[in-house]
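Both complexes shown next keep subunit A, but they swap its partner, so subunit B is in the first and subunit C is in the second.
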Partner chain A sequence: MRRAIRLEFRKIRRLRTFLITAILVLAVAGLSSFSLFAGSTKESFTDPDAMPWADLMVTYTLMAAMTSPILAAVLASRQTDIEHSGTGWTLASTAGYSPGVLCRAKLVALSTVLLPAVIVQTLLVIGIGLFAGIRVPLDPGPWVLYTGLLLLIDVAFLALHIWLAAVVENQLVSVGVGVLGAFLGVFTLLTSTAVARLIPWGYYAMISPIGQQGDRLVYLTPPFGWIAGFLILVGIVFAVATRRLDRIER
Partner chain B sequence: MTSVITTRGLTKQFKTHTAVDSLNLDVPQGHVYGFLGPNGSGKSTTMKMILGLTQPTSGDIKVLGEPLTRASRTKLLPSIGSMIEAPPGYGHLTGRENMRIVQDMLDLSTPQIDHALATVRLTEQQHKLVRNYSLGMKQRLGIAMALARDPALLILDEPTNGLDPAGIEEIRMLLVDLAGRGITVMVSSHLLDEIDKMASVLGILSSGKMIFQGSRDQLFEQSVPDLIIETSDPHAALAQGLTATRVPEGIRMSGIDKDQTAKVIYQLAVAGVPIYEVRRVAQSLEDVFMDLTGRGGLL
Partner chain C sequence: MLRAEILKLKRSATWIIALILPLLAVTTGTINLANNLDTLDAGWASFTSQVTLFYGLLFFSIGIGLIASTAWRMEHRGTNWNLLLTTTRKPVKLVIAKALVIMIPVAFMQLVLVAGTLISGTLVLGLDGAIPWQFALVGAISVLAALPLIAIQSLLSMLLKSFAAPVAICLLGCVVGVATVTSEALRPLSFIWPQAINTRALNLGSTALAGSGGLTAQDALPLIGTALGFALVIVVLTVTTIRTVKLR
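The block that comes next holds the complex of A and B.
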């Protein structure tokens, strides 16, 4: 498996994976903090009751829900499509690497790319917040929690998109599902948790540690049980689906 | 002759269609085995089963003396180079980078990669992106990928597909050279001409069935060439009730053996039909192939 992962890193070359990830990270960070530079917002930067960091996190959650499904779909699609176009499935099979092994290796390789990307994305949002002038002390807990959960949900969607891109040769399908997921991710931020937990992309909303009580923003504990259940379910589905891929005769 | 590949009763059935039907294949060691058949006759499916890429519905496969199983496949794969259906190669990488992937996959040494590239004469083009390769270069890269592991057996599915005559000749010389070095080569094609000059043993598949297996000479023996009877009075010859067609020089008869030929000549001579010459049509291997595949497994 370690060798298969190393092979995926060899294949990443020239796929512009790092460039695409960097552009989306910068876009999320930029769009999340755009409102910080509005004159009316600046007044809240020194008022702890105005919760400027929580405000910033709400925008960040929205932008992440909007872009993360697309990023997962695009990265997975690019890394998997090369196996279709380059007869890579057959090449690997004749060297003893089954399609299932390739898919699992792709997941590990792309997750390794996403890990620093999501961390940098959060740090950029916080950094821009500080640069814009937020002087209220930052409570790192919700930010660390959200970043960790965002990474896990991103990995889950990477897994689903790798499988989809492997099964359906037309990559418009995988990317199209990612775009649809972006809409659903934003939509579920505006609906109740009961609805969000039933929609896979709703978990981008479920992991938000920010909620609203009346007119006020409050920090919440995300529903860990549901989130863990979703991640375990995706893990099982991916394990079974990639094993079944080995039986597909191309 | 030791067989490197042996199949017995090999069958592959897809829902309602039998792609390969009770195939008994014997690929002798150190030869170029030409695996011929029209498109859709089951050549690729057979090769995929031999490589363990497709599971047979029934039958046995022995490769390099070992029955092909899940366990033995892992052990056998490093000794089998292959190129199935389309030449592999990641277009966004250079030829060299593609070879590095194969090197990592199979734990090969750098000299092995260099040697494989040199064998297919891609050393100078190795740093070009594969997407910018011509079809011939892609085919050669695919062969280099198969060759890099120094295989005992090379299985190539239509390696000359889409190549120009010079490219075909180049691949042909390469495969003959490899066989000369003791590598058993199984090569498929739907074009007989491509195989004719390199294969020492032929297997002909039609509708999933093996209709011939043996040497070129044995193949000729399987087919009776048409008989031309040169006469100035073909009308009188045809009036004798013979199943024949008119040709400029007289009449032409199909599928008649030596005894039947003697009887026809006697009959015409008795009837007073002038006979100037009786000869067999010079038959190309292509004619024999068409004859056999056209008859769809009657042999």
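The block that comes next holds the complex of A and C.
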């Protein structure tokens, strides 16, 4: 397995995955903090009651829900598509790496790329907030929590997309599902949590530690039970699905 | 050349995306309006704005990226690329045929969006007032406004073998587009940035986006003009690329 992961890193380097991830991380961070530079928000920066950090968090969750599904789909599809176009499945099988092992190695490798990416993304958003002039003290709790959960959900979707990209050769399916998912992710942020629970991409909304009560923003505890259940479910599905991949004749 | 392209298009899976994406936009717009009837009380104007808001900012452009990638995907399979380069037809014919073949599902996508919005508005939401037929005009304008992006995505999908890479670049373009549309300082850029042209076209007469312009000849014509001119430039660029750059 360790060797298989190292092989995946070689592919990552040639596929310019680092570059794509870095650019998209910068883009998401930029988009999330864009509203900070509008003239009208400037007055709230020194007023604790206006909760400037919570405002920033709301835009961040929206942008993350909108772009993360597409990022996961793109990374997974690129990493998996090369096996289709270069008969990599057969080649790897003869070298002792079954398709299932290959998929699991891909998940581990891509997750390791995503880990620093998501952390940097959050730090950038906070950094731009400070740079823009927010002087209200920052409560790091919700930010740390959100970053951790976002990473976990991203990994779950990487797993789903790697599987999809491996099973369906036409990459339109994997990337297309990611795009539709992004749409649903944004949508579930705007509706009730009851709907979000049932839609996989709804979990981008479920992990948001911030909500609206009347006209005010309030910090809330995300429903950990549901989120853990979702992650475990994805884990089981991925384990079973990649095992089944080994038995499919290509 | 065009006939061959249409044949490929017929059997491709682009139609699914072209159908589901606008339907999702209509569904989410409908639910969003039904849940917030007190704040979004301007009837049809609110509804069409809700439908086109996220669709115009991101998903319409990404949809075009997906369709363009699909249109070029088979040329990167097997020995199709060599076959293409050795035809006796002129490259410009290929470039235009590809653009048209991308444009057809895009037009279909807008048709679904407009029809879905009008149907949902009358039957599901039961909105008061006359059916806003000018929304159909917005749909038609946005197809023309999409031409520069269609041309660019077609060029990118031709150059890049990977299916997902052009879509990722398109996503990045959308991010820049959102910035140019929402920021006042960068707003002039939004008339020449392909993704932003899309956003502007879809939000003509919208109430959800500040400074989006009305559905008037004064606001729409410059948009269409730049779009057509820009698309032409990229088509020429694509032809030159085929002629001069050795791909693969």
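The rule is short, and it goes like this: the second predicted complex is superposed on the first by the 250 of 250 C-alpha atoms of A that agree within 3 Å, B and C clash if a C-alpha of one lies under 4 Å from a C-alpha of the other, contacts with A are read in each partner's own complex, and residues count from 1 in each chain.
In the analysis below, a residue touches a chain if its C-beta (ideal position, glycine included) is under 8 Å from a C-beta of that chain, and two chains touch if they have at least 3 such contacts.
These numbers were taken from a predicted model, which means no experiment stands behind them.
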Contacts of A:R14 with subunit B and subunit C, given as first, second, both or neither: first
First, second, both or neither for A:A27, with subunit B first and subunit C second: second
Subunit B versus subunit C as contact partner of A:G176, first or second or both or neither: second
Contacts of A:G86 with subunit B and subunit C, given as first, second, both or neither: first
Touching partner for A:V74 - first (subunit B), second (subunit C), both, neither: second
First, second, both or neither for A:R2, with subunit B first and subunit C second: neither
Subunit B versus subunit C as contact partner of A:A95, first or second or both or neither: first
Per-residue touch tally on subunit A - higher for subunit B or for subunit C: C
Subunit A residues contacted in one complex by subunit B, in the other by subunit C: 15, 85
In the complex, subunit B residues that touch subunit A: 48, 51, 53-55, 73-74, 77, 80, 82, 84-93, 97, 100-102, 104-106, 130, 145
Complex interface listing, subunit C residues touching subunit A: 13-14, 16-17, 20-21, 24-25, 28, 31-32, 35, 54, 58-59, 62-63, 66, 69-70, 73, 76-77, 161-165, 167-168, 171-172, 175-176, 178-179, 182-183
Residues on subunit A engaged by subunit C in the complex (per definition of touch): 15, 20, 23-24, 27-28, 30-31, 34-35, 37-38, 66-67, 70-71, 73-75, 77-78, 81, 85, 170-173, 175-176, 179-180, 182-184, 186-187, 190-191
Subunit A - residues contacting subunit B, complex: 3, 6-7, 10-11, 13-15, 82, 85-88, 90-97, 249-250
